[in-house]
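Letters A, B, C and D mark the chains in the order given here, with residues in each chain numbered from 1 onward.
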Amino acid sequence: MSFNTFGHLFRFTTWGESHGPALGVVVDGCPPGIVLTPELIQRDLDRRKPGQSKYTTQRREADEVKILSGVFEDERTDGARTTGTPISLMIENTDQRSKDYAEIRDKYRPGHADYTYDQKYGIRDYRGGGRTSARETAARVAAGAVARQVLAGISIRASLVQIGPHKIDYNNFDWDQVDQNPFFCADAKAAAMWADYLDGIRKEGNSVGAVIEVVAENVPAGWGAPIYGKLSADLASAMMSINAVKAVEIGAGFEAASLTGIENADQMRGGENRPYFLSNHAGGILGGISNGDPIVCRFAVKPTSSIITPRQTVTTSNEDTDIVTKGRHDPCVGIRAVPVGEAMMALVLADHYLRHRGQTGREGAVGFERN
Amino acid sequence: MSFNTFGHLFRFTTWGESHGPALGVVVDGCPPGIVLTPELIQRDLDRRKPGQSKYTTQRREADEVKILSGVFEDERTDGARTTGTPISLMIENTDQRSKDYAEIRDKYRPGHADYTYDQKYGIRDYRGGGRTSARETAARVAAGAVARQVLAGISIRASLVQIGPHKIDYNNFDWDQVDQNPFFCADAKAAAMWADYLDGIRKEGNSVGAVIEVVAENVPAGWGAPIYGKLSADLASAMMSINAVKAVEIGAGFEAASLTGIENADQMRGGENRPYFLSNHAGGILGGISNGDPIVCRFAVKPTSSIITPRQTVTTSNEDTDIVTKGRHDPCVGIRAVPVGEAMMALVLADHYLRHRGQTGREGAVGFERN
Amino acid sequence: MSFNTFGHLFRFTTWGESHGPALGVVVDGCPPGIVLTPELIQRDLDRRKPGQSKYTTQRREADEVKILSGVFEDERTDGARTTGTPISLMIENTDQRSKDYAEIRDKYRPGHADYTYDQKYGIRDYRGGGRTSARETAARVAAGAVARQVLAGISIRASLVQIGPHKIDYNNFDWDQVDQNPFFCADAKAAAMWADYLDGIRKEGNSVGAVIEVVAENVPAGWGAPIYGKLSADLASAMMSINAVKAVEIGAGFEAASLTGIENADQMRGGENRPYFLSNHAGGILGGISNGDPIVCRFAVKPTSSIITPRQTVTTSNEDTDIVTKGRHDPCVGIRAVPVGEAMMALVLADHYLRHRGQTGREGAVGFERN
Amino acid sequence: MSFNTFGHLFRFTTWGESHGPALGVVVDGCPPGIVLTPELIQRDLDRRKPGQSKYTTQRREADEVKILSGVFEDERTDGARTTGTPISLMIENTDQRSKDYAEIRDKYRPGHADYTYDQKYGIRDYRGGGRTSARETAARVAAGAVARQVLAGISIRASLVQIGPHKIDYNNFDWDQVDQNPFFCADAKAAAMWADYLDGIRKEGNSVGAVIEVVAENVPAGWGAPIYGKLSADLASAMMSINAVKAVEIGAGFEAASLTGIENADQMRGGENRPYFLSNHAGGILGGISNGDPIVCRFAVKPTSSIITPRQTVTTSNEDTDIVTKGRHDPCVGIRAVPVGEAMMALVLADHYLRHRGQTGREGAVGFERN
């Protein structure tokens, strides 16, 4: 993908810095006639919004989205609908706490992109991390809400499945739990345990990483554009582009390395209208094309790099020093990555839905209904 | 990326099926004046070539590359050099063993893309897997050899680091060992053990997965095109696009989820001309931009799906049946994925080298010399 | 190009409708460290602004641009400079005169895109033409102002050279005249005559077409990306994408068809440091690559389709009717296309400057200096 | 478009030089299940083939196309059909007359790209013009033949309408005449006159330009991707990318500048199932979207730059000299541009057909039938 644009037919371009006046996204190539209102987008944005619990940054942002173009409503359209022209969404920054930025201006924060941005561009908006701030993900979530509207009938959900060394117990997996705890965790027991664990992490001025699992159900077989536009490749790119993500896997993922061909084979049986699979090591993707099974993608988020424990670093003039990253930070940035992972899944699928329809003229596999 | 093209400025497009007359690649956007000969490309192709050992398919292919365009030599050019126009490389298929394809024509092979190609396209060249055959990776390796020439001064190497459940011991890691064993393994001890293990796997008509680690050294700081053209995102897409790959990670990867911010921070010290890092959990990439440290990428390859142990499947008319995939297959397709991983790393880096140069006018970080 | 994005390395994406809250553009891939202020952009926007004379629409729009991202200034940057991240520019719509849109909602205006948008999208924001309004060109001009900053040392100017059947006399051509008359015309005599002519056209409730000539000087030899990214091809695409444009030519253009090879050959002589051409039928482009001579591009704009003389048309339900397009319209939309043509030339050149630098590592021809 | 690739969903990439072993094209994104045989492609190639008459170059090339991938046939497919994977087409160069290239190696041919290629790349395959040879257009015609198969029901034809100063008389326009004369001219009378005129031009060692008109009929309303993917903009780019083309126009084209809004308005009336237009100044495109009327595009080709009359030029070391371009050249390269123009029209339409289908899910306007 190119710079700040992602997608081929269903495309979006994000812009904005952490402490600029606003951030936003332009969604282009959206099918016309799709119902779209600020409320539909806000619903997803609110899930990602900071300050929801003591486990996320205390920065207070309304994250209120404005639709500036691409949607039209009159007495005939039965509500606000997309017109097929670019959809411009904007979120104004309201809580840019004025502060002295000298520290991050003059020192490179370990684990952050301060050093690399200086090396690449020779200039850097260091206020709150500028373009590298996780605030950019709000634009992804807004775009993802549009994608969800395009993907009527497809369910996209995510859960935090690991925090630090503590994994969930899949026997307790219950999607209904995800919105019942501050971790978007489908395992209530794990969530309860994590609460104490994360309190400790925060109190020691530390942070921790996490793993998110995103699952898309009712995706028709046939989506994906081999060889280099494989559904798996675009998902990998999409998830890896999220702040702090260091790993992505589909289905059995790294575990597949340890499996034998006999174990890994997802055997097939004849179903009523079409075949079905007896297992899903493939994570719903074979040869880069969806096979009708749930698409299962996991990605790992490294621990928040901004911690109040001093770390060794250098100044922009290459002199040794220490740094303590003050400010309002998530002890586990992985938590808020959950709705972001859902958004990226939706954005990849919406693009491949249109790409598949464009090349083949088919909506998807037999029996796939669109409204 | 789009269909069969990968890359933005340094781009390549592959074509060809397993049992067609030939396969090939067109490399476009290559800088002019780069030395390029068939020998330079053949060297890399020969490492991927089938039939090298009893651990890879016995299909006999010369994999001899022809340069059809984009290179010119006269009495003034000091050898054959690229002209900046498209470089067309072709490899003819010679060992298309004639056989009865009725079995794979009428049945879906579990773990293969047979079913999904039929669902997507409604037509499928089933001979040897057609477009989904790992033979396509020969075209990647050929293109990668061109990319290596563009990346003078950068070292790109890979090693098999896990086969089935058996990982290497990094204390034994020695790049010089990679070409001393049939597994491209940097740990001689592990390689010796794997030999017996894989013999057993093969004898039982089974197969097994693997993990490959690719390392690029001397990459200047500053390469990568955030937010959606992050170096990490393009690497993830590149590796995930390789046949049978189900997972990709950068640096600490999934392990990063278990680390705390204190542990994960790659602290910095002032070096002679520029800072250096005390660790490399980042795998050489921060904020999607190279930081000057070695770029470390691992990917998992699932076990070869073609095994001679019967598996349950269905016919193309949705009737239950069993299948045994005869033919000449790699017991561990991960082995031959090693040179492919190197090629994809080279192709991603060559593209980002040109993209960085285009946007910023800089070759890379201070002190990075190009011939 | 794809939907609402133009460019490859230096890219921009426009959004917004005539009667929405705002319109804007996101410029991506801009080199870092370029001086950029709202004033620099406003200067170009003001030349395109409506209501400048009785020959352009009386709609009153301040067309005041806001820079929302991508520019940073601190005590070290010596003014506001681009950071290499996306530059988001927004212009709010202020004079959306409330009116009854029933007429254009229910009838197709001949020469407009009303019918085709309905055929393509099945829904249409008809207020003031929605997305098809010439207001979109304000976003191009804003982006073009950024491109000009990137193209230090290159002069890009345009003149109206024909209005209706009346062409200028090139013997009177004087760039200094362009801003001395309401037609952006380099021929003062022609401009004077056009004033009366256009008064007549307007009084009879009619409109007329025009031809604009855009000239870029000091473009180094070597820009352009054959075969399908030829400088001439991208210019043709850029100009043809402007509202109401129906023709584009480079250098001798259509006249070249009537010339013989002997006449058309731009002969060369040895210059001080490099060769020069004795004529410029090529319009500064040979084989799709700039040759160092001025790049000369002309394009034709059809007469404004909105006229107050009744025309035959049909309703959206396919019934015969007549229509009179009331409202505030340019009698010759070609006039305001002059700064738009300059902007598109700048945008194409900025993209090819970066593309050339990316592939070859050269800024341009020998002796071409960049600040 | 990017370097040597054209198109967005239906894409093609050409490669090859005039005197290399072969040239070719990779067509990617083609819908599956389309009938495709070498004969279908050869039919179009033979129309462009050199040496057809004394008015075209006497170089003898069979221009025999090989399909290397992307097409499959078995007992169930009812003939050879596309599989949706890349279609690789190759044409071997057979008549690379061995000669001394010292002249064009050391001197820049006026009107050719010799100088600009040297300025851009610093290296040049000068044999027969290398990549800049009109032989590249054979690859376009081959790709265009694939596009025609995708565009079942759409008629795409072209005619030479002007040669030197001599235009055809549209009253004599008869498509059946196009293949009855060596000029692809729909006006038999004009063709007869041109024969004498061109004999004279050739005898005096001169050459001349031409204008080609391409018409596509039965294109459904709704194709085109505004604002920057307008059908008109992509056509302009496509035609301008053809060797020696200096101008492109749609519908009334430059003539539109002289028209008034009253004259130019294509008035509408209610038809049986949909509206129709009383005129076609728009050339079938409104707002960048097809309106259902014939798409009319004209482009101008400059005179062949290779002439045997001496012209002033410089050596590659910037010294004054003269040059006479010997060899086998078309006195009017515009003649063979006729089938090339048809091919580019087909390629643009095939791409927009898929793009429209992808975004909207519609094949085209009501009543548009596809086989």
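We adopt the following convention: a residue touches a chain if its C-beta (ideal position, glycine included) is under 8 Å from a C-beta of that chain, and two chains touch if they have at least 3 such contacts.
Given the structure is predicted, the values throughout are model-derived calculations rather than measurements.
For subunit A, the chain whose average C-alpha position is most distant is D. Of all residue numbers that take part in the contact between subunit C and subunit D, over half occur on both sides, making this a same-residue interface.
For this pair, subunit B with subunit C, the centres built from the Cα atoms lie 44 Å apart.
Between subunit A and subunit B, the centres computed from C-alpha atoms are 26 Å apart. For this pair, subunit B with subunit D, the centres built from the Cα atoms lie 38 Å apart. Among the residues of subunit A, those touching two or more other chains are numbered 2-5, 14, 29, 32, 84-85, 120-122, 131, 226, 360.
Considering their complex, residues 9, 29-32, 84-85, 226, 354-355, 357-361, 363, 370 of subunit D touch subunit A. Looking at the complex, you find that subunit A touches subunit C at residues 2-5, 11, 13-17, 20-24, 26, 28-29, 32-33, 66, 68-70, 72, 74, 77, 81-88, 90, 105, 120-125, 130-131. Residues of subunit C that touch subunit D in their complex: 1-6, 8, 14, 108, 110-113, 115-117, 119-122, 131-132, 136, 162-165, 201, 206-211, 221-230, 232-241, 245-254, 256-271, 273-275, 278, 281-283, 285-292, 300-307, 309, 311-314, 318-320, 334, 356, 360, 365.
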